[in-house]
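In what comes next, chain A is part of two complexes: it sits with chain B in the first one and with chain C in the second one.
Up next, the complex of A and B:
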C-alpha cells in the first residue's frame, strides 16, 4: 500500500515540464477563418490547386459528415468538440513554394532541428559512417514543408512526396486508391478528414523494388486552435517492400487540439509494408488540462496474395487517443500484424487496438498489445478478429497484457472474436497485473533506483513490441517509456 | 425501436396480467414504466449485439392460461433428480399439485411469490433489487408481466440435505405462449444448499417464449451450488436473467448446460459483495441445427480479496451459432483480486458461427486477472492419435467432442449433479453422433 500511496504523490508532483517538445515556434502563418463549412472546404481545395474530382469528393464527405453521429462506443470521456471553434488550415507564410531547403524559413528548420529531425541531407551524411539514411517528409500544421532524399528515391522509381504534390504529379494513382481502404463514410472523424485534409505523405513503391531507405513523416502541430488533418496513402506494388515511420509532437497549450488523420495502406501481391508510429503528441498537463485529441483511422488492405502489413505503435502522448490500426486480409496467404505499446499517465485516456478481418484463405494475423496505465489514466484495448466463411485455414493469435501502476488508474480489455469458418484457429489471451514486488526488490537490491527499475521492468514487459521497431526508433521509444512513466513509482 | 418490435412488446404486455392490484403491482408498474423508456433490446443495444429476438415478432403470444395436462411421471422422466424437493412452475405459475415439498424442513421456506411478498416485508423489499428493471429490458418485461413465481428462503446455518429442484415448464397448448417465471432465493448466513433448475418444454409445435428472472442472495459464509439445464425445440425462445450477490466468505458454484435447439440466452450478473467471497461459474453448450446459444456473464468484484473463476466450452454444428460474452469488473477498492475466465469453442461445420467477447475492466492494481478464448476445429493431432490406435473416425470424433464438453462438467462440485449432467450430455451426444461425426446435418 505504501508504494502505491507514494506513487500517487509522485505522479501528482510530476510536472508536465517533462514534455520537452512543448515549445512553440513563432512564425507568420497563413490561416483560414475559424470554423468549417463548404467555403472552407472549397478554399482548402483551391489553395492546393486541386482538380475538380477531388473537390467533389471533399464536398461529398463534408455533406456526409454533417449528418454523421460521433462514435460513442469508445471508453473515453471528453467535453463535446466545438468543430466551429478551430482553424482548419494553417500554413507557414512564405511566398512561392521553396525550391530548396535554403529557401525554407530558417525558423522552421530550427524547429525541426530542436525536435531532432534532420531535414538537411548533408547532416545525415556527415554523421557516423554507415548510419542508416532516412528520407523525411516534414508536415508543419497543414502543409508539408520539406521532403528529403527525393532524388535518390527517384532513382529507384520510388515516389515519396506530400499528398498535395502527388495529386498534381500522379493524379491517376491518387484517384485510384484514395478512400479505397477508408471510405469517407467510415466514421465521423475519417469523414471530417476527407473533407478538410490539408496534407500528408504519399508513397508508391513500384513492382519488385525494395525501398532503399526508411521513409518517415514528421507531424508537428504548431499553431494555436488548429486541428491537424493529414492523410497518408502508401501503395506497395507487387513484390515490393517499404518501412515507414511516423512521429508526431505538438506544443504545450491549455486548450485541446484535434488531430484526425487517415492512413491508408495498400499491399499488392507479395508486397510488404511495415508502418511504425511513435506518437508523442502533447498529453496535457498533470491536471489533465490541454493535450491533443488523437482520433485517427488507420487501415491497411492486403489485396495481393501473400502480402503483409505490420503495424507497430508506441503511444505515449495525447490527452485522448482513439485509434485502431487495422488489416483487411483479402489476398490468400496474406499476413497482418499489430504490435502496440500504449502508456497512459496522469489524466490521459486511450482507447486503442486493432481489427483483423480475415477474408482470404490461409490468412494469418498476430496481435501483441501491451498497455501500461499509471496516475489517473484509463486505457482500453479494443480489438476485433473476424474470420469470414471463405477464410479457410485462417489463424489468429492475440495477446493483450496490461500493467497497472497505482490504484487510481484503469486498464480494460474488450476483444471481439468472431469466427465463421471451422478450419480457422483463433487464440486469445489477456492478462492484467501490476509490477511484482519481487521484480522491484531484485532490481533495488542490485543498487538500481526505483525509477530505473520500473523503466527496466516496463521495457522488459514491452520487449516483444519494441523489437519490431526499426533500430533508430526503438532507441527513441525506449527513452520515451522512461520519460512517460517518470515518477510513477516511489 | 422498429415498428415490429413495438407491436411485439404490446402483444407481450397484453398477454400479461395487466396493471391491477396485489402485492406485485408496484413491480409490474415499474416494469411497464421502464419498458416504455427502453423498449425491447434491439440492434443498438451493445450487450445484445450478437443475439436478436426477431423470432418474437409476428407471433400472437398468449398468457399462461391455456396449458396441456402434465403428469408427474413425465416430469420424473424428463427432469430426473427424484430425490430432491421439487418446485414445479408451469408457464411461470407455481403448481402446488405437481410440486413435491413434503418433509421440507422448517429451515427452508418455499412459497408462491405474491403470498411471500405480502407476508414478509423482506421478500417484497428484495424483489427487483438485484435484477434491475431499468437497466435490463428483459427483466422489465418479466416484471411487467409478473403474476406469480416462487420465493425460497433458507435460514441461517441450515444445512439442507437434499437439493431444491426448480422445474420450470413452458407448455404452449394450441396457442403460442409467453411465460415469465420469477424466483427469489435467499440463503441465510452460514447455510448450505443446492439449487437445481431444469427448464423444459412441453407442446405440439406452437412457439414458446420463456423469460425467466432469478435473484439469488447468498449470505455471509454460506455455500450455494446452482446448476441449470436447458433443453427445448427449435421454435422455443428462452431468455434467463440471473442476478446473484455473494456476501463475504461465501462460496457460490454454478453451472449452466444448454442443449436446446432453439434460441437460448443466459445473462447472468454476479456481485462479489464481501471480502473473501469465491465464485465458480462454468458451463457447456451444444448447438445443432439452427440453435442459437448465448451465454453472457458479468462478474463484479466489488470488494477486496475475492476470487472468481469461469470456464465455458461449446460445440457448434450445422448452422448453429454460439455467443459468449464475459466481463470481469474489478472496482477501485477490490485489491488482491483473482479473476480468471476461459471460453473455448469447437466449430464442426462450415455454416456454424461463434462470437466471443471476453472483457476485462479493471480499476485496482493489485490483481491477477486474465481471460483466454480459443476457437477452432477438432485437433488433427488428437484425431490422428486415436486413429493410430484403431479407433474409427466417427468414434474418434465423438470421443473428442465428448471429452471437450465434459471437461467443464467435471468442475461441478456436487458429485451427484456432476454425474447427472454428464449423463444428460453424453446421452444427447450419442443421439446426435451420426450428424456430429461429419460436422454437417445428415
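Up next, the complex of A and C:
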C-alpha cells in the first residue's frame, strides 16, 4: 500500500509538531446540542431514519446506562467524565448523502490525502497491475461519507457498508446480530455506545466466500468535543474468510475526548475472521495534557464448529486505553487468538488484554502480548482464560512480555485463569526486561541514532505480533512504533 | 597527518582511573596491535574511542583525521568511519541481521547525504560483500547474534565491518573464544579489508591472531599506559617471555 507507507513522510512534510498526525480540518458541522438525554437518542435515531425496533433498543440501552456504574477495576486514573459536556452527534454538512466520491466535500478528501489514506485507491482505479486491493469505508466523525470497491465486493456477495446503511438495506441481519455478542448491559461504555452510536461498519461474508480483498476502515476524530461511538458488526457465514483492518489517527487538541466503540464479530461454521487494528490516537502531550480516552469493547463469538477469530492490535495512541478484544469459543474445535503490541510513553496509561472463554470441546486459544512502557507511562496486561465445564480438551497458551525503557515507567501483568474442566491444558509465560545499555551502544556504534536504535530493538521485541499484521499495515505500524517512542531515550 | 593520534589520553570508569596517559599514532594503511594482560585498559581504550557512556575522559585528546574525535557522539563517530568490532557482540532478539545492518548503513549514507538503500538493493549489496570475503551471509537472516556460536559472532562482526567500510577499525579481542579454524576465517576476512586508506587497531591478549593478521606495529599496554612499542617481533618476544618483565618495568 504505497499511499499508506508514505503517510508518515507526508505528514512530516506538513510540519506537524511532535504528534505527527496533529492537524484538524475546518468543515462546517451539523451538531446536536451538548449533552445526552432521551431526546438526543431519539434525534440520532431520527436523523438516521431508523426503524422502531432500533430506537427501542437504543432507549433501553440509554435507560440501563443511567443506572450503571463506571468500571473501576482497571489500573488507570483520570478525572471523572462529564458526559453532559460532550456532543453526541456531528456530521460533515454536505446536504444529501453523496452519490460518489466526486460529490464528497473536497476538504474531506484533502484530509484523507494528507493522511495518505487510499480512499481513491488511485493505483487500482488506474489499473496498475498487482496493486493491492483494499476497500475503505471511511468514517469521518460520525457518518460514512464514501465507500469504495463496492462493486467488486458485490460480485462475491460481500456486504461492506456503513452500519446505518445496513440497517436500511439488511435489517434482518442487523437485527439478528446487533448486540448478540456484546449486550448493551455488558459494561457502561458499551451501553452508552448502544444508545448513541452514530455510525460504523457492517460486513457480511456469505457462505463459502473468501473475501477477495482486505477490508479497511480508517477512523478519524475531527470535531472538537465530539465523542466517537462507532459500532462495527462483522458476520462471517459458514466456510467464509475475511481480514479486516482498522486504523486510527486524530488531530491534535487539548480537551480529553471520549471514545467508546463496540466491535462485534460472529464466525459461523468453519469461518475465519482476522481483525487487525493500528490505533494511533492523540496520546496527550509530553506533560500528560490532552489525549483520547479509548474505552473500547471488542468481542468475537466463534459460534460455529472449527471457526476462528484472530485479533491483532498495535496500540500506540490514546491517553487512556481500556480495551480487551475477546473471543467466546462456543463451537467445538474453534480457535481464538490475540496478538497485541501496546506502547505507552510520557503519561499514557493502558490497561489492555483479552478474554478467552472456552465453552466448546477441543477449543484452543493463544495469547501473545508485548507491552512497551517508556517515560512515566504505566501499563497493565489484564487477561482472563476461562475453561467451562463442557470444554473438554481445551487448550490455552499465553505469553506476556514487557519491555521497560527508562526507570520511571511501569508494567504489570494480571492474568486470571479459571478452569472448570480437568482435561484442560493451560500454559502461561511472562517476562519483563529493559532495553540494555549494551544493545543501545551496539546500535549507536554502528551509526544509528538512539531513536532509530530503540525503534529497531522494540520492533524486534514485537516481531511475533507484527508478523501477524497484513503487509499493508505492517510497514506503517513499524514506523508508528518509532514515532511513539520518540524522546524516550537520550 | 596521521589518521588517529591519541595524546596523553586519560579516562576513568565509575571514578576509577583506567587510562593513565595513552600516546598512540596510527597512519592510514597501517595495522597496529595493542597487547597486554587482563586489566591493562585495552578494552577501555576501545570503548573510549567509540564513545561509550560511562567511560569518562579526564584528560588528553584524540585527533581523528585532524578533528577532535571526543567531541562527536558515538553514532557520529561511526558515521565518520570508526568501527568497533566487539569482544562480546550483543544479541538483539527479533531483529534480522539484514535489517540491523541496513539500518546501520543507511544511517551512515544519510549522514553523508547519500541515498538510502531499499531492502532489495541492500540484499544485493551485502551478498556481494559477503562473497568477496568468502563469508556466508546466512547468519544475516537470523536475529542479530542470537544463539550464534563464538565463531559466528566474530564472523558477523567482520561482515558488518566489510559492509560499513570503516576508515579506522578497532578490533577488540576478536580472537577470543575462537578455535583455530574460526580464527583463520576471521583473519582472512580482516586481511581482505586491509587497504591503503584504512587503518586497524587490533586489540589482543595472545600473539596467535598476529600469526594471521600481521601487524605493522605492536604496542604493549600495562596499567593504563603503553609501556613498549616495536615491530611484529615484539609480539613473538611476549609470547616467549610473557608480560611480567614489562609489568615490573612499568611499576
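Simple rule for what comes next: the second predicted complex is superposed on the first by the 465 of 490 C-alpha atoms of A that agree within 3 Å, B and C clash if a C-alpha of one lies under 4 Å from a C-alpha of the other, contacts with A are read in each partner's own complex, and residues count from 1 in each chain.
Throughout what follows, a contact is a pair of C-beta atoms (placed from the backbone, for glycine too) under 8 Å apart; a residue touches a chain by one contact, two chains touch by 3 or more.
Worth saying up front: this structure is predicted, and the values here are computed from it rather than measured.
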Touching partner for A:444 - first (chain B), second (chain C), both, neither: second
When both partners are placed on the shared chain, which of chain B and chain C touches more of chain A: B
Touched partner set for A:375, first chain B, second chain C, both or neither: neither
Which superposed partner A:461 touches (first chain B, second chain C, both, neither): second
Residue ranges of chain A in contact with chain B within the complex: 4, 73, 387, 389, 402, 404-434
Residues on chain A engaged by chain C in the complex (per definition of touch): 436-439, 441-450, 452, 456-457, 459-464
Partner chain A, residues of chain B touching it in the complex: 46, 332, 335, 345, 347-377, 439
Complex interface listing, chain C residues touching chain A: 50-54, 73-75, 77-79, 83-84, 86, 89-95, 99-101, 103-105, 107-108, 111, 143, 160, 164
